[in-house]
Every structure is written in structure tokens, then in C-alpha cells.
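In C-alpha cells below, several structures.
Paired with chain B in one complex and with chain C in the other, chain A is shared by the two complexes that follow.
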Partner chain A sequence: MAAARRKRLAVWKFASCDGCQLSLLDCEDELLALAEQVEIARFLEASRATISGPYDLSLVEGSITTARDAELIREVRRVSRALVTIGACATAGGIQALRNFKDVREFASIVYATPAYIATLATSTPIAAHVPVDFELRGCPINKRQLLEVITAFINGRRPDTPGHAVCIECKQRGTICVMVARGVPCLGPITHAGCGAICPSFARGCYGCYGPADALNIESLGQAWLRAGVPRGDVMRVLRSFNAGAEPFSKAALDYEDDQS
Partner chain B sequence: MKTIKVDYLARVEGDGALRIRFRGDHVRDVELRIFEPPRFFEAFLRGRSFGEVPDITARICGICPVAYQMSSCRALEDALEVRVTPHIDQLRRLLYCGEWVESHALHMFLLHAPDFLGYPDAMAMARDHREIVVRGLQIKKAGNAIVSAVGGREVHPVNVKVGGFYRTPAREEMEKLAAQLEAARDAALEALERMARFDFPDFNRDYEFVALRGAEDYPFIGNRIVSNRGLDIEAAEYDQAFVEQQVPHSHALHSTVRGRGAYLCGPMARFNLNFERLRPLAQDAARRARIPLPCRNPFMSLLVRAVETVHALDEALRLLGVIDWSAESSVAVRPRACAGYGASEAPRGLLYHRYHLDDSGRVLDAKIVPPTSQNQLSIEHDLRELAAQMVRLTHDEATVLAERAIRNYDPCISCATHFLDLAIERE
Partner chain C sequence: MLPGETAIVAAAALSDLLHEISRLGYTLVGPTVRDGAIVYREIHSAEDLPAGWTDVQQPGSYRLARRADSALFGFAVGPHSWKQFLHQPAVTLWHAQLADQGAVTFAAEPPERKRLALIGVRSCELYAIATQDKVLIGATYSDPHYAARRAGLFVVAVNCTVAGGTCFCVSMKTGPKVETGYDLALTELIDDARHELFIEAGSERGAEVLERVPRRPADGRAREAAEKAVRATAEMMGRQLETEGLRELLYANLENSRWDEVATRCLACANCTMVCPTCFCTTIEDHTDLGARRAERVQRWDSCFTTDFSHLNAGSVRSSIKSRYRQWLTHKLASWIDQFGTSGCVGCGRCITWCPVGIDLTEEAAAIRRTDLRSQTGREA
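Right, the complex of A and B next:
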């Protein structure tokens, strides 16, 4: 048998803040070891050298917002054995999916004097709306430990271990006293996907849902609790319509809390 | 007609392209094209509550989210007539030190240094110069440790709010950082010495440098915007002093000083305008590295970033010793109809925010001017001057030189889109 070829990794970027691919460079203790284990064949943020595909694993950051990107993602899928989305933009459309609820021409005219020069689609959509996706890693931004788990799992041919339960479980694991029960702070933890490590409640604030919807969730029940705590309807709508506005459970539930300002 | 064209600029944050067109040996035009797709932050901020703004604007940039949080807090606090306590100012400064260190180390060691040693990337550079990369990662990790300890996580910190912080970090957590920061400060001093021996192209231009000026301290968050050509204004006067224009070839708006033209913000501008406000250790290190003052060579921005890294680590250590870890983490904020202006020094330069709020505290209008869009015209001017040398180079050599000229600015294209493929056309 021939010596095992190093697996080829590619990193791609669409509409995004670069924060999720930065998480790979933020693995300061593991980066050089990782570069020995896998061939980082395309990572423009880090290198001017690119090796053409096919790639064993493509990590995709960002959402699709232009006709050019809608073409490019199909090309990425063709040259990738496995395609994994990293972060809320690639998985749910990101904060820029707020355009989906408004007229994008109006948005362009607010920012640009000559909106006609701006090449953009009316919507910001997740990668899975365009091509089949093998795995979606949640978070705005992703957690770098989870990123290493996903890369390790794919190069070894197993499923990544990234639990889909709510942030509440992570609060219990780290021993954080519930901010909602003990102090009445509105928290999205009960409906939000784990993975961050329940950071916000450890800083005395409520979760704001940047990892998107948990696998099992009851938004209506939590919404009622927020309203009972005196949160205005419109604020419930806006917190659901933020970094994961395009995730279906959040986008559907947000409609129930629209106010006259929506 | 000869064209030099770089379709995807590497080792920059975001997507951009460059086209240079020649007629004979004469440069016809230089276009830095930012095609990073626009995300329309200023549009969807409308209607959001002021309290949501720092979390939303952080998402403009994964590399400098603290800058966006700090400029928006400052502008909103200006609007809402909120004065934060000296304790909150110190904690913000500490958080900002962490972001400068993490962002500068990323750029110096992983993105910029390979240009000087002739490698395509830090991973290839590490095969021959492992110690440089290891040292860089150590410094970067120290910066990230500050951001995580104060902000909760490296990318998009959660602890920042209008009026201060959700919680003052615990003394025990913070005191643990000191040894790591001291080691990183030594590593940054060594790296500056090593990098000062790199070969710097002989290239100087007479820029208008624009930066904040602090009363006593090297600027992070501030109100006074100054230049080496007499500009001296408050943040509230920004819109009168500067003009933002849209150009057909870019999704980033071009900024100019009204009536004068291109200017430069970022590490070189801060260094030239605030040298005597650097920590004494950083001033001494800059002198030993023989960085000219003023420094007008954009390739030497690598050394200036190293000086700022020494400064930020030394300042963070000072702050660790003086911050009262039992003080109140925030002050009360009440909504009202108002307008406010704020500026801070992102790692890449001046970051200006302006907001109008209604009486319930909802955003009516937002304006955000990131450093890379302010520097875009200066980058094009640098390239125009360098293009004369490019005519005599092979296409590959010209491409490397053009990319280097752009990377001098550590352009953050994700932020500026509202960036870069090199095309050189020769007629």
C-alpha cells in the first residue's frame, strides 16, 4: 500500500467578517501541527500559494449574496469531497440576511450614492440553499475547539461530536447560576444551540442566540417568559432576527412578535 | 497595452483585486477593486435599539471587533450624554491593547513577514524560520488572552455594552495574565530587533497622516483628530473635514480630506503624530530599530506595528496593576432623541461612527467609516508610484511587488466594503 497522502484542506470565503476562518489561525498551539497533518492547499487569508483541487475537505465561510458567488459555490462543491460550512453566515445567512426582510435596493441606496454600481442579490442565503452540505458548524463566531474537532473528524472519516442541545446544559456544566431564574435577565439560552461554552451568562448577561436554534426547542414558551418579564414584543422579534435571522425556527417565530416598527 | 492583474489578493482579510494599465512605460490608471460583497450594516442598523449596536457592529470585522464595539459605544455615549468612569476607560483600554496585539501579531508574523523572507505563507516560512512563527503565535496568543479575559472570547467579545461592561473581570483571572504578557513583551522586543534587519525597499512618500491624539496617552479611544498638515478637529466635525465618495470599481467608499485629497491613517500615522506618547520602553525600542521619525516608508509599517505591539503589551501590564477589580462595571444609560459622534484607533487606523437616535433609543441613521476605505486612495497612489518600477519586472515579480505594497496596509477588506484581482495592462 502506498504511503498515506496528506489530506487536502481548502478554505473559502463568501459574504462574512473573516472571523470564522480567523478561528483557524487563532489555534495558536495547534496551527503548525495541523499544517503538518493536513496540506492546507487553499487558504487565501493566510497564503498566496494555492494548489488546485480536488480537495478532501472544504471549509466554507460566508453567505451567498451575489450572482457570482452563487456560481462559485457550485464550483467549490464540484472540487470538494466533503464540504463543511463554518459559522452563522454560511449556515443561516448571517446578520446580512436582515436584507431578506426588506427591499435590498433601499438598503443599497442608504449606503451608496450610486446603488446601480453595486452588484448584489436581493437575499443573503446559506450555502445549503445552493449545494449539498456535509456538515454545518454553528456559531457567530464558531468555537475553535469545535473547529478542530470537525477537521479531525473529517480527516479521520468520522462524524464530528458537536452536541445539538441548548446552551442551558453548558451553564449547568460550568456551574453558572441561571441568570433568568435567579436575576430575571432575559436569556435565549433555552432555545439556542450549544457550542460557545455558555459565555454570556458567565458575564452576567443573557444569551443572545449567536449559535442559532437548538435541535429541540420551544420558542413560544420562552417568548411568553420574556413578555412576562416585561420585554416589549418588538424586542423579542429583534433578538430572534439577528445573527441567525435566516434559520427557519427563528425566522418563523419572529413573525409572531412583530410590532408597528417592524 | 500591458495589464498587471491580480485576481484574488492573498494574505489580506477579505476579497479584493488590482488592475494596473500601462501605455508604453507610462502608467495609465490604477484601480484597487474591492468586490467583497456589501453587507449593508448602516442600512439594517436602522430601527435597532441602541443597546444592540455594539454586538451588531462587531460583526463587521472578525479581526478587529473590539474597535467596532469601542467606536460605537463612544458615539452612542456621546449621543446619550453618558460619561463613563475612569475605571471603565481603563478596562476598555486594556481590552483594546489585547486587540492591537492579536491583530498586529497576525499581520506581522503570519501575513507580512513572509513577504520580506520570500515565502508564500507563514507555514512555508516555518519550515526554515520556525522560531519567527512560534514567537509570533506566542504574542498573538497573549493578545487573544487579554481579549478573552476581558471580553469573554477572542472573536466578537460579549462583555461590552453601551455604558461600560456587563461584568468587571475577576482579579484572580486577570492577575494570571501578567507572566504571559511579560513573556510576550520580551518576544515582541526580540522580534522587532530581528525584523529591523529585514531588507526594506527604498520607497518614501509625503503623506498626510491622520490619527487621534490623546491628551497624555498614545491614542486608543479619543475625541481629537489631528494631521501633520494642520487638521485639528473634534470627532463631531468629521463629516465637515472629510468626504466619502463612491467609485464605480469598488464596493468600498473612497475618503479624502476635504479640499486636499488622499490621506493615511493607521500605525504609521499614529506613530508619527504621537511618538512621545508611546511607553518609554516602546520609544527606546523604536530608536534602537532605527525607525525614522517621521516614518514615510509604508514597507516599514511592519516595524511600527512591532513598536505598537511592545507598547500595547507594556500598557496592558501597567493597566493590570492599576485597575480596581471591584469597581462598578457600567453606568446607567437612558434613551432620548439625539445625535452622537465617536472615533477610536482600530489596529488599521481611525474608525469613525455617527448615530442618530429617536426618543425610544432606536437608530434612525448610522454612518461607519472604516480605516481601509480611508486608506484606499493612498494605496492606489503608492501603487501608481511603484508601477514605474513594475514595467521592468516580469509579470510574477510585478505581482509580488504590488501585493506587498497593498499588504503594507494590512487592508481589512471585510470592513471596507461598503476590496482586491491584480491586473496590469500594457498598451
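Right, the complex of A and C next:
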């Protein structure tokens, strides 16, 4: 056992806020144990020292928004035995996928003093649109407990336990009172992938959909319920177009709720 | 006092009664107001009960409301059921340890020996517990964690003096009057002149507890007042479900187009199964630590509404929401009878109230009855 080579872990960043990588550094209590089991060979957020590949497990944060990204991700795939995307950007294109519904040149002309310096693609796309992905971990940001579960599962060759059911089940398991039923608060929980532990409803807020679409969902029916509760059509569209705007069930459904301002 | 005997206890003396129960080593769990609902959680005295509160329930809607009086049990059932405590959301079943020499040792997680006193159990809930008993404490297979918690119970039942907007225990013949399975059964009698509890001892333990609190003998008038209050509740049912021939009706209507219609509304969110006091399904998940030295198996609530639930090696057996809703309803109201000898539904109405889009199983069953495929094809019903 002792002679077994530690598996090599690499962390990569594309278009993202770094929050998901930070979840790895957030594993303060478990980080030393993790470093004993895996060789953290490339993790620029933590250290400039890198060890060249190949890597047993690559964690990829961020979406593909430039031609250079599109090249680099192929290289990452080439040097990685397993490639796991972490977070909404890498899995669904992130908040920056809002450009997919508009003209990115118009955005650039408003945001940057010299838009000519900006070389960017017209779309923000998930990693799986470019290379085969072994597993996608949801969340904006990801949950550190789930991240450890996924890393542990991959280094031990087992299936990670990250259920794809709705957030509602997490609310019920922890005994949280349904904010839609008991308070009339619009909540995305019934269509949102579990994983966060149902944080917002435990503070009497509706779910924001940070973990993207659940495995099984009926956006049309929830949308109707929101409209009946007095939520304007455009607001239904806007909640579907947030961190997981590029996830197909959300992007398709959002079209049904477009209004004049969209 | 003996089982079957009755007494009148002043509402103000309920704390004494609860104190006597906790003195026997029980942890008290009962209704209390929290986060806009009446939930079940650990309580310490009658002070924690929802005095003066009631609830207004409709499909997909629950609101707390103030009563004109200070009744302690003047509400219907809320979002929690006793399942939370008996068939817990997550239970570690066993763990395994890898020794340096390569030997693996397994150890079952011992059941928690916690003795709970459930305060304010309604008749439908006693039926729900009896229903889960049939599933989880079988002759051949028994869930040791459930069985241990179940064995340690002290039950203070309450006869319902109000019915909720989604209640239909009368249809299911599960209430509102408590019949069996309790240590003490209370009926709250409240009007301008009095606030008292008519209490019936259902066991020796119950009788012993009752003996230790200030009380007076219950006369025939008190019993009549208690029975009248429960009869009035039976007249107030918010819903009804026609159970005559229901099993055969559902079996004959697996292709009824109503399933397609309800599937357009069903969110497949699983809330109905989570709040149902009889739904018992679980999944098991195995976890390892980073170094693969220690593993554990955890049992968690699961639901027939998730796609993982029926996932076999080629995918989910019930991939459409239609097939999952049909599975749930036909199991609850029909095939449960074949499996366990009773309906899986106790008429508590939780699945109706706590469905975020207000799907009402009594209405779905009625709709199927209205469009019974047997009458449409001209065959005998």
C-alpha cells in the first residue's frame, strides 16, 4: 500500500470567478489529508510550483470564451486520465453565457474603453461542448463537501454520491418548511439540482437555482405557478437566465417567458 | 387508575402531565410554531405548544392563523410527520475499517436508544405509524433502527377538534377519533366557561402517569362533550375520497389520459412523498474516506419521483413524469392493499397542501372515476 504512487491532481481555470477553486482551499481541515492521498501537481491558485502531466484527475473550472481557451482545453483533456468540471461556468457556461443570447460585441463596446483589444468568442460554452467530460459537479459555487466526495470517489474508483434530484428533497430531509407553500415565496427549488443542502429556503428565501436544472423537472408547471403568484413573465425569464442560463432546460424554457425588456 | 379509565385535567395542568412523562426518561416531541408553520420538534413543557394558533390549508397553500381562543391543539396536521423521528431522513447502517494487514472489519451501527414521547398524535397519524410498522417491522425483515425507536415510544394522542382544508380521514376510515395505539388520548374541551382535557388512559403506563397529576373524575357529560367535539370534526372534512372499488378502478385505468394531464402539472419534485407519513422508500449510498481505509453505508429517504429511484443498468425504468405520478398514486391507493392489506393513504392531506402546485390526489382519483375507461368501452364496471 505504502509503495503505491500518489495520484496526481491538477486544477485548471478558464472563464470564471475562481470561487469554485477556492472551495478546494476552503477544505482547510481536510486539505492535509487530501495532500497525503494525492499529489497536488498543479494548482496555481495555491502554488506557482507545478509538476508536469499527465494527471490522474483534472478539476476544470470556468467556461470556454476565447479561441485560446478552446485550444487549451484539448491539451488539458490530452494530459488527464479523468476530467471533472467544477461549477456552473464549466458545466453550463456560467453567468457569462448571457452573451449567447445577445451580441457580445455590443457588450464589449459598453464595458471596455478600447473594445478592439478584446479577443473573445461570440459564446460562452461549457467544457463538455469541447471535450469529453467524465463528471460534472454542479453549483455556483460548488459545495466543498461535494467536492471532497467527488475527489474521493475518483481516486478510489467509485461513483460519487451527488444526487440529481430537486432541492425540495434536501429541504424535507432537513425539516425546512416549504417557502412556496407556507409563505408564497417564489422558489426554484422544485426544478433545481440538489447539492447545496437547501441553504436559501432555510433562511426563508426562495432557491436561486445555483445548481442548475434537476434530473427531472417541469419548468412549465413551476413557471405557471409563479405567474399565478403574480410574478411578471420577464422575471421568470430572468431567474432562468442566471448562473446556469446556458443549461439547456433553462435556456429553452426562458424563451417562453421573454418580455419587451429582454 | 387502569387502562380504559378517564379523567378531566385542567389545560393548565398539562405541563404537570408532560413533566411526569419526561420524568420517566422520555424526550418530549410535540407541535410547536416555527418558521411560519406548526412543526414537530423537541418540546420542554406545555408552554411550547401552539396555544391560540390554527392553520388554514388548501392545495399548495398553508398559513398560520390566530384563533379566538387559546386552544393548545386547535389545528390540523402540519408539514412534519412522526416519520421524521421514527423513520429518520438519514441513518448510518454500518461502517467498515481496513486494517494495516489488509483485513476488513465490518460493524453495524447500533440503533439509537432514545425514548421519545410523541405529544399530540392524531388518529390518522397513528394509522400512518401502524402502516409503516407493517413495512419496516416485518416477520422476515425488520429495520432495527426503526424498530428500536418504535419500541421506545410513549404516545399521547389527540382527538381532532378541527379538520384542515385538505383533511379526508373520514373517507379513509382513519379518524378523526383515536381508537387504539396510545398511552393517553386527549380531547380538548374549550369554551368561555372552561379549558379542560378529557383524558383516556390507553395503557398501564398511561394510567400511571395520569394518576400523578391533578384531575377529577370524568362524568358522562364530559365524555359526551368530547365525543360531540370529534363528531363535529368529522363533519368538517375539507376533502373526500370515494374508496369504493378504488383499487379496481385504478388498475383498470393505467392508460387513462388523466395521467398525461396531471403530468403537465406535476413537478416531479417529490414533496408529496417526503411529507407523506406512510411513504417509506429509501436509497442506500456507500462512502469511503480519502485514504480508502474507512467506508460507511448510509440510508436516506428517497422517492419514486426521482429518476435515480428506478435506475437500472440501462437507465430509469419510469423515465416520464406521467409514469412516476401513476406509480405513486396507484401504489398508494391500490397496490399497497395487495402488498400490506391496507391502503397506503391515511387521509391526512399533507400531499395536497405541500404540493407546490397544489395537485390534489382526491381530485385526481375522482377525475379518473369520471373518465373510467371501463364505462367508455362499454364493459361492465
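Operating definition for what follows: the second predicted complex is superposed on the first by the 260 of 262 C-alpha atoms of A that agree within 3 Å, B and C clash if a C-alpha of one lies under 4 Å from a C-alpha of the other, contacts with A are read in each partner's own complex, and residues count from 1 in each chain.
Simple rule for what comes next: a contact is a pair of C-beta atoms (placed from the backbone, for glycine too) under 8 Å apart; a residue touches a chain by one contact, two chains touch by 3 or more.
For clarity, every value in this text was computed on a predicted model and none was experimentally measured.
Upon superposition of the two complexes on chain A, no clash is found between chain B and chain C, which fit side by side.
Touch criterion met: A:I169 reaches chain C, while chain B stays clear of it. Of the two partner chains, both chain B and chain C are touched by A:A204.
In the superposed model, A:E220 makes contact with chain C only, not with chain B. Chain B and chain C, viewed from the C-alpha centre of chain A in the overlaid structures, lie at an angle of 110 degrees when rounded to the nearest 10. Of the two partner chains placed by the overlay, only chain C lies in contact with A:Q37; chain B stays clear of it.
Look at A:G189: by the touch rule set out above, it reaches chain C but stays clear of chain B.
Within the superposed three-chain arrangement, the count of touched residues of chain A is higher for B, of the candidates chain B and chain C. The superposed three-chain arrangement places the nearest Cα atoms of chain B and chain C 11 Å from each other.
Note: residues 204 of chain A belong to the chain B contact set and to the chain C contact set alike, using the contact criterion stated above. Touching chain C in their complex are the following residues of chain A: 30, 33-34, 36-37, 148-149, 151-153, 155-156, 158, 161, 163-166, 168-169, 172-178, 180-184, 187, 189-191, 204, 215-218, 220-222, 224-225. For chain B in complex with chain A, the residues that touch the partner chain are 8-15, 35-44, 46-49, 52, 55-56, 59-63, 65, 106, 110-111, 120-124, 126, 130, 133-134, 137-138, 140-141, 144, 152-156, 158-159, 161, 166-167, 245-246, 248, 251, 253, 362, 403, 412, 414, 418.
Taken together, the chain A residues at the contact with chain B in this complex read 13-23, 25-26, 28-29, 31-32, 35, 40, 43-50, 65-66, 68-69, 94-96, 98-99, 102, 104, 106-108, 110-114, 117-120, 124, 140-141, 144, 196, 199-200, 202-205, 208, 210, 235, 238, 242-243, 261-262.
Residues 34-37, 39, 41, 60-63, 79-80, 84, 89-90, 263-271, 274-275, 285-292, 300-301, 303, 305-308, 321, 324, 353-357 of chain C touch chain A in their complex.
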